[in-house]
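A, B, C and D label the chains in the order they appear, each numbered from 1.
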Amino acid sequence: MNTSRIEAFSDGVIAIIITIMVLELKVPHGADLTALMPLIPKFMSYVLSFLYVGIYWNNHHHMLHTTRQVTGSILWANLNLLFWLSMFPIVTDWVGENPAASVPTACYGIVLMLAAVAYWLLQRMIIAMQGAQSLLKRAVGHDWKGKISPALYALGIGVAFWSPRSSQALYLFVALLWFIPDRRIENALVKG
Amino acid sequence: MNTSRIEAFSDGVIAIIITIMVLELKVPHGADLTALMPLIPKFMSYVLSFLYVGIYWNNHHHMLHTTRQVTGSILWANLNLLFWLSMFPIVTDWVGENPAASVPTACYGIVLMLAAVAYWLLQRMIIAMQGAQSLLKRAVGHDWKGKISPALYALGIGVAFWSPRSSQALYLFVALLWFIPDRRIENALVKG
Amino acid sequence: MNTSRIEAFSDGVIAIIITIMVLELKVPHGADLTALMPLIPKFMSYVLSFLYVGIYWNNHHHMLHTTRQVTGSILWANLNLLFWLSMFPIVTDWVGENPAASVPTACYGIVLMLAAVAYWLLQRMIIAMQGAQSLLKRAVGHDWKGKISPALYALGIGVAFWSPRSSQALYLFVALLWFIPDRRIENALVKG
Amino acid sequence: MNTSRIEAFSDGVIAIIITIMVLELKVPHGADLTALMPLIPKFMSYVLSFLYVGIYWNNHHHMLHTTRQVTGSILWANLNLLFWLSMFPIVTDWVGENPAASVPTACYGIVLMLAAVAYWLLQRMIIAMQGAQSLLKRAVGHDWKGKISPALYALGIGVAFWSPRSSQALYLFVALLWFIPDRRIENALVKG
């Protein structure tokens, strides 16, 4: 089994997720500038989620580049990741409608955390399949970003009940942490 | 005619089906935990359908791997399978809105059964094209899962009129039966 | 410019068109069998449109198989075809809601006719690019189906104002005409 | 990193954008010709946006043809372009509902301008990566279309507050400017 079809399918699902989030940006009811006001929090949460889904697509792209084969367990670990990514549109929309509420912000963090765990699991399974000489293992190294992110999401979930805005700022901070392109895999690929 | 475009098109359709199901998970009307309650049955039926569509994608992926050519009849058998898979979002949503009702649960079973029959037909046509030396035929073997599933769906359709919950448990049981990755095709491919 | 990306993009658009039509099949309001009744005409129009989009995808697949290159005009002729195919969901839905009305049925026929004309134009442009030795030209031959279909659609548009049901039966008849796989291109490819 | 997956992902997102715009063309409430009247401005804005998205896809297709490699920055510049293209459905719909209003028409122009800037940035980054011998740089040449378009969009945004119709005519004019297939890249590729 090679990786081409798992890449194509993941691309399809991620492309759809990133695009249907925009469906939630409903057309304003009026035709003047004030009609745009209620869209602002929805637009912000769309931007944050677009950034997150873009980061996942980018890293997924790099990760699958280190392997040529997939097993049944990798297919399922990948579907698990896609499942949690498919939860982004609904929590994005919920936060966009209630930007100052605790529960939606905490739920957003829970989905972020479960997607991060699913990504980590997929990474584990590819490393396990590649064995001792795993290219991905060397590329990932200590993986401090992968380890610190779930902790920051957990912090964000707690903080949401005290200050949803701070929690959202924390999610944005984690996104920016990842936004800086991860050269580890590119470097490892160059080294062979 | 090679298989690459039928794979790409099927991937596209399945990726969309798996993703639009999430559109039915409408954003809660409130912003607290109780607002999530009515979403629970919808979430459960989404999980079950995601599992089913994932299983179909996985097996479809494996099945098309055994062949390099497609005929006109295979294209239509594939479109027939995609048609029944495209019915998943509506029955999923209907069961999610009426988890304790008999007719939606029975309809869900009917769609599951017709998709299973469509899958079996597609398998038949690929085997027929491959002839006596069919790699897929050897891979599938006695195909007890393929034979028992429609019977269990039929049982589930009947049980739905007596206890919708038991029927839903039965559908979940069949999904788990298939969830365990099917090594038959992988093994047959290795053997040649 | 090779054909791979035009195929991939067309596959994507057609996959989405075929799938979003199902979004119009809204979940029934009740939970019993009578709740399914109003869905029947919508389901029928979905089946007819699925058949039509499936036929277009199949023939598009075959047609692009005869060529390796695309020009700017072919890209635009293809986008024109995709535009008219993208009109299918809305006319399908309109006929499904008003199965006994003349105007929706006539509009459905207009969209069918314009899609057929767009397909014919795309075919013309590929033949023109291939020149005197055009493989596609030989494959298509007299193209009686391609010539008779727009005439039958025009007839259907007229008949819709007298009997919408007869008009719909005529559209189904044309679909079945095309459904029988077209071996012309496969034969021409085998001959070289 | 090669370009195949960035092409596949962009194709997926653009295919979805072009198709979900049609979802905004809601089915008419009546079944006669007068029921189609309110759809006319929506249909016109759909046609304009389909034309724009088609042009972007076409040019994107050509641009990525000049390169074999992508870097992390190119991936992000591409996601930025896709983000602005994903704004097309909502502004299209807003203009379609308020064809004679200034603010929606100006917003449409802002989205057109930001997408043009994003496209220009992506072009810059590919040229930078290709270095002094950049094939794309030679192909693009003086790029007068790329330079004049943002200026015309800016003019259109201003004009929208005086006459939305003139502004929309201007946007259509820019689209037609680009519609004439751009032979620069094809020529440069032929020359080597």
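Keep in mind that, in the parts below, a contact is a pair of C-beta atoms (placed from the backbone, for glycine too) under 8 Å apart; a residue touches a chain by one contact, two chains touch by 3 or more.
Quick caveat, the model's predicted, so the values are computed rather than measured.
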Nearest 5 degrees is plenty: how much rotation brings the CA atoms of chain B onto those of chain C? 90
Where chain A and chain B touch, do the two copies share over half of their residue numbers, giving same, or under half, giving different? different
Taking each chain's centre as its mean C-alpha position, how far apart are chain C and chain D in Å? 27
CA centroids of chain B and chain D: separation to the nearest Å works out as 38
Residue ranges of chain C touching at least 2 other chains are 8, 12, 15-16, 20, 23
Touching chain D in the complex, chain C uses residues 1, 5, 8-9, 12-13, 15-17, 20, 23-24, 71-73, 75-76, 79, 82-83, 86-87, 89-90, 93-94, 97-98, 101-104, 107
Quick check on the complex: what are the chain A residues that touch chain D? 7-8, 11-12, 14-16, 18-20, 22-23, 25-28, 31-33, 35-36, 47, 50, 54, 57-58, 61-62, 65, 179, 181-183, 186
